[in-house]
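Below, each structure is written out as structure tokens.
Below, subunit A partners subunit B and then partners subunit C, in two separate complexes.
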Partner chain A sequence: MAVQTKLDAHFAQEVMARPGGEHLLTCMACGTCASICLVRRFHPAFNPRRVLHQAALGMREAVLSSEEIWLCSACDACYPRCPQEIHISEVMGTLRDIAIGKGYEAPGPFPEVDRDVCSGCAACARVCPYEAIGPAPDEDDPSRQTAHVDKTRCLHCGLCVATCPSGAITLEEVNEQEVLTRVSAGGWLDQPGRLAGGPEPRCLAFVCQWSVRSDAAWARAERFGDQVRLVRLPCSGRVDPAVILWALGKGVDGVLVIGCDDDECHYQRGTFAGRSKVYLLQEMLATMGYQPERVRFSRQSIYERFGLERSIEDMLQTLGQLPAPVAEQAI
Partner chain B sequence: MVDAARHPNITILSNTEVEHVDGYIGNFSVNLVTKPRYVIADRCNGCGACTDVCPIEIPNPFELDIAPRKAIDVPHGQAVPLIYAIDMDHCIQCYKCVTACGKLDAIDFSQQPEELNLDIGTIVVATGFASFDPTVIPEYGYGRYPNVITAMEMERLANSAGPTVGRLVRPSDGKRPESLAIIQCVGSRDKRFNEYCSGFCCMYAIKNAILLKQMYHDIDITIFYIDIRTPSKGYEEFYQRARESGIRFIQGRPSLVSEDPDTGNLIVEAEDRALGQVIEVEAELVMLSAAAIPQPDAEDLANKLTLARSPSGFFMEYHPKLRPVDAPTDGVYLAGAAQGPKDIPASVAQGSAAASRAARVLSQDTWEIEPIVAEVDPTLCISAHGKRCGVCARACPYGAIVVEQGKPAQIMTAKCHGCGGCVAECPHNAIQQHHFTDAQLLAQIKALLQDRPEEKILAFMCNWCSYAGADTAGTSHFSYPASSRGIRVMCCARTDDKFVLEAFRRGAGMVLVSGCHPQDCHYITGQQVGARRFERLRSTLERMGIDAERFRVEWISAAEGEKYARVITEMHEALSSYDPAAIRQQNREAAPKIARRLRKWDEDPRLESIFQDLPLFQEVAE
Partner chain C sequence: MQKLRLAVHWASSCGGCDIALVELGEHLVELAQVADIVFWPCATDHKYAEVEAMEDDSIDLTLFNGAIRTDHDRHMAHVLRNKSKILVAFGSCATEGCIPSLSNIRGAAYALQRATADELSTVNPKGIMPCRDYQAPEGSLPLPALETQVRALEEVVPVDYAIPGCPPHHDQVWKAISQIVSGDLPMRGSTLGVDPRTVCDQCPRKRTGKIRISRFLRVHEGEPDPDICLLEQGYICAGPATRAGCGALCIGANMPCRGCYGPPEGVLDQGAALLSAVVAGLEGKSDAEIRAVLDTIADPVGTFYRFSLAGSILHTLGSEDGDTLAQSCSMRPEEQP
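After this line comes the complex of A and B, so read on.
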């Protein structure tokens, strides 16, 4: 980065004057936030410590025009660990507010609503952790309500996409088609599991991308090869029960949903949404006379480095013990 | 220690606790309780035959529970005096030790706690520090992963007299670790736990690293730090030597330590600030440099000795620069980490200083104190007439006042520091402070408000902070309006609320009461005594119809000359916005109510000459 010679002495004061920005100058740049933050796994350039330091130095333009301030998803992994008790996500929010005030726009991607399909039921508003989507009078026909996205608040977790009963919402990379493609890529669904008379049970695992801290943990989970299909989702709350049922119907022995531990969710209550869906699905399967053990939600604590591998092992063991009727009977 | 034990003028009372302390400088009376050892000290020769036969093994707290000890044992090998003691919580009373002791017959199961009373001239508090428990920081995994240890545990593991005879092994498998990660500032420089810097952890981390590097040339050591602090003589050179010896230093506070369940190795995640990148370092052993914290019973000891504690919980010195060894109570001195985190050279230096401060007192027959002490008039004190009061004793920060119903309150003159808090608090004007009597201070109020009082700001200032702050404003040539008139008291606690009322009765335009910031008070809690009183006074004045902005309370330190000038300027501007007639009107209307509050003074023969120019209460009431 080029050296910026002009430093704005008032910028830090401006940030600190707003709620959430008060402790900006107490940062001693220990880097705790930067190393706990998982955004870097997908955006290597992201560094909250540097954003804070830039703001404290008064590098107004560099901060407000940077993509970084929009990448923080306010998961607050850093805040309880910060030795200076700086609420970093609130500082980021403050910086975003200032940026919006100066005419900068959030880069997205944002969910897109098909207004012809949207019924205005507001299910998306109830599930959104950021109050970023909700019904409002439609532009073309003000007599009916349709979902509108607030681009200044949306952090693209995809919960609304999975929740919409009409299938009216799509989000780049996590739309329904994309997920289905990832599940069935390479003809995986056509291979026989125990349900379809194969030798070993096959398991489909939807993995919240934030619940796995390192590439090493991911690599360990990949050792199961074709027996397990790992599908990465932005959040376990993004999992769609219809897709789970569809996979079971295709002859998959079981579906595992991996999410974050309770207070570690990247999208505040996304893991809760994911877990609730799986529990309801289990009850539904039991009512229908199938084994509820075929779907499972597994919580990954930040403190268990290779928990993913262990969860899959446990699931495969459970599935191996279940009877293996033919696929049509299973679902 | 052995030298101290042999010295004819030194008595070591180990296994003994302070129960109660009375008296004052040169004349303390200390009650002590020696806990039973169940071993007769005079007979035990320290041979250790009892330990050899004892069948009970329990965790050894001296070795931080890494090694076992017996139910009859000495705290550690170098213990002075070398007398064995039985841990009754674990002893099964098999009496094998009694047999082993044989003819010495030193073991006595009937021993009871022994009370001891000593007349003591001076007291040195050197109770040291405790170590922060890192289990409360879940991200570092102490207590969850066996291979995460504290620096204190490392000290025992690397010590040639320790449980492993100096061989470094890791707890999970007893293997010699080939790599070690050291994490600094665990529980210190952390607002969640302790905001202060523990000071000596950088040096002991470097010391341990160099020591281990000398023992095992191939060991791979990484130190994670926020800042390395090596300010003392020779320390920076030592740090450079560590860098040259190949010890890796990474500037970045780790956010997470996780375990590889297969190997028991630990992965430390931190941002390397020099790289600007997050790195993961795998280590076979992790050492946490835990903060030094106050002893858990510091509060208890502070109450017994009337000591003050800093916000961090360590004992507070009388003055950070000029009297760094003295406690606020005369005749009590502080040494070592009890006063604040300190390394060995600094502790030794402070210990020597404390000893010579104490010797200064012990070598004299008489001890001069400031003459500004408080004195009780036994005829006026209502406690003497059998009534319940004790307000003065509650206000005294030094515990210098003893109130017994039926007797007048007693002030231990040698213990009194002359803050004047009791004088202002006494509801019966039974206490006077020499050189700061009611008569003297009221005469000052009267004189200062003789001429055009409604244009004046009367400022009460404490001697140590605010008066010095006003002085700083003067010597620094800060200009402020000339309408202020200052009255010096020793502590804001001496500023009687009735002085403020008297000022308004005499027509003052504004009144300022100022004192030290709460943590800077020279009389431990004097500022708080004053602050509570002024809070009550605020509502009283409101009821009397005096505008809230005409009475101001400010905490101004000796360095805050600028603040003093600013406060006076602000008050002057507020005063200028008033019509003088309105002020006179307010004061006139409040006068009868004030007179009722000041009736006791008006009728006091000692103050007759001061109030003779004012109409009597009865006249005002009419």
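After this line comes the complex of A and C, so read on.
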């Protein structure tokens, strides 16, 4: 049975009339964007080429009601590679704007702010790559500022959750409790590492889910078994320095944070948020007479196939050679 | 009604907490109506032996300020714990180590050497060190021994309540004392004399969140705009990670919050929380650029953990265990004057 899709001849013009949508019709459907797109790892149905083509054809309802327009995270991996130089994330943003205007809602999940706990310090606003959260007068007490989430902009990277100094922000799947549970599940923290007299070093690794592209790369990391606890995060910027300290305090030999290389971050600047936390933490550990080598940030290029395995191997080797930390107490 | 028996003690402290009590002003008269001071070394002439001779639980309330730096501090903590029905860690030192606990970074021996001999403002050409047991013609003069680590009161004895602040604001002190006197107390282990949320909640400055910090400034390196968030101007302000209670006093004087009220409710490590909030607005799109900005943060441990090092997770990693005394603070007989 053939289904006739309703086409709107003016839709493409409507998109192109808005800032960001100008280059919609220059797409020649080569598919380069789809081949490089990082989102497809987790959402294989997502295809930027199809979205653009549908929009160009005038399939208004199909485009505006689809989940796809909300999946693009504006990492812009496709932008420099597009032979027609279409800024696809901008086009997606334009399509979202139109969809919101027509009453469609983004699927989420979105961060929840506990307004009784939030002090409106704006740390979340500073870290958010998308200006999707920020202080505004509180609904119940307008004399106070509390964080408000703009659901049309939020791409649920979780950076705000890790940044909030009051612990006022929660986000499904990347909650603090969730992360702690994943770290300690199966009594992993209770088994002794090298520091606690165990036979081999044990390492906790926080891995940005976008930095490791292939399932084969993940599979290769399985050979480390119980020696390494891999905890997937939506972004290396989601890593919480307090959790790193907590794990080290529990006797883990080292903590590895794996995130994207420069210009490859799925959330624009999330990798830099992650790195700055790790670098500063290393400096503080060194000040305290604790080996900074026990915490490491490892950059993964999307072009390196088995970087995850190599990073873990390097880290374990380092941890295997480090002597136990001794506090400097002598003059 | 029988009057409360009140004790105040200072361990390793600067005396600011005792001043905070004196600052109660006319409330002191009200306090005198409901409580008798049975021990207050800073203000009254009671002897240690008198406290030691008291019966257990004979003091209703002890406000203990100062950290545990010496074996004498530890001894008094145990004595006052036994003698007191309610023991309150009063002020930042007793609550979480405060400034004295920063000496744990380099250790007791270094601190002693630095303070007595190497400090620029000290003239001590012979390098004379304090002597634990000085023999004077009139008899021996003992000094307490330094412990290897400065500790918060709670690390040494169980504590019933904490009143943070360096020093606690006198309005909050009165609020807490009234609460204790009335007997209307929250669960043991609670913090008294504080407000909900963080200092930012009481700070009137404007925050946009739409800035990138390319250089952090120390207070002497510029004059901050009094209407804009200090952190957004590049001054490291501990407000976001500090419990409210002071009424944003320092900020009112155009100085960044230093964090003396400790971490907000439920936050374990103040420094780690502040670290995340500070790097949130960091400029930089490469390792070199990030490191250049981070290099402008002077003394991260001292800045992020200025008041809370002894109570932090970071501290448990870098420090020695045990209560052993630093050997190097023993005398050097040949150097005795």
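Everything that follows uses one rule, which is that the second predicted complex is superposed on the first by the 319 of 331 C-alpha atoms of A that agree within 3 Å, B and C clash if a C-alpha of one lies under 4 Å from a C-alpha of the other, contacts with A are read in each partner's own complex, and residues count from 1 in each chain.
Assume a contact is a pair of C-beta atoms (placed from the backbone, for glycine too) under 8 Å apart; a residue touches a chain by one contact, two chains touch by 3 or more.
The structure displayed is predicted, hence computed values, not measured ones.
Undergrad: With the two structures overlaid on subunit A, would subunit B and subunit C clash, or do they fit side by side?
TA: Once both complexes are aligned on subunit A, subunit B and subunit C fit side by side.
Undergrad: Which of the two partners, first being subunit B and second being subunit C, lies in contact with A:144: first, second, both, or neither?
TA: In the superposed model, A:144 contacts subunit C only, not subunit B.
Undergrad: Identify the partner contact of A:304: answer first if only subunit B is touched, second if only subunit C is, both if each is, neither if none is.
TA: first
Undergrad: Which angle, as a multiple of 10 degrees, do subunit B and subunit C span at the CA centre of subunit A?
TA: For this superposed arrangement the angle is about 130 degrees.
Undergrad: Go through the superposed model and pick first if A:283 touches only subunit B, second if only subunit C, both, or neither.
TA: Touch status of A:283: second partner only.
Undergrad: Give one of first, second, both or neither to describe whether A:185 is in contact with subunit B, with subunit C, with both, or with none.
TA: neither
Undergrad: Which partner chains sit in contact with A:17 here, subunit B, subunit C, both or neither? Use first/second/both/neither.
TA: Neither partner.
Undergrad: On subunit A, which partner's contacts cover more residues, subunit B's or subunit C's?
TA: Looking at subunit B versus subunit C, the one contacting more residues of subunit A is C.
Undergrad: Please work out whether A:219 is in contact with subunit B alone, subunit C alone, both, or neither, and reply first, second, both or neither.
TA: The answer is neither, since A:219 touches no partner chain.
Undergrad: Could you tell me if A:7 is touching subunit B, subunit C, both of them or neither one (first, second, both, neither)?
TA: Neither subunit B nor subunit C is touched by A:7.
Undergrad: Using only C-alpha atoms, work out how near subunit B sits to subunit C after the chain A superposition, in angstrom.
TA: Least C-alpha distance: 19 Å.
Undergrad: Which positions of subunit A sit in both the subunit B and the subunit C interface?
TA: Looking at subunit A, the two contact sets are disjoint.
Undergrad: Touching residues of subunit A toward subunit B in the complex: what are they?
TA: Touching subunit B: residues 28-36, 40, 47, 49-50, 78, 81, 83-85, 213-214, 302-306 of subunit A.
Undergrad: Spell out the part of subunit B that touches subunit A in their complex, as residue ranges.
TA: 138-139, 141, 144, 185, 189-192, 226-227, 251-256, 258-261, 267, 269-273, 276, 278, 280
Undergrad: Residue numbers of subunit A touching subunit C in their complex, please.
TA: So the residues of subunit A in touch with subunit C come to 116-128, 131, 134-135, 144-145, 162-167, 240-242, 245-246, 248-249, 262-263, 269, 272-273, 275-277, 279-281, 283-285, 287-290, 325, 327-331.
Undergrad: Which subunit C residues qualify as touching subunit A in the complex?
TA: Counting only subunit C, the residues touching subunit A are 105-110, 113, 148, 196-201, 207-211, 229, 231-232, 239-241, 244, 264-269, 271-277, 279-282, 284-287, 290-291, 293-294, 297, 299-301, 304, 312-320, 326, 328.
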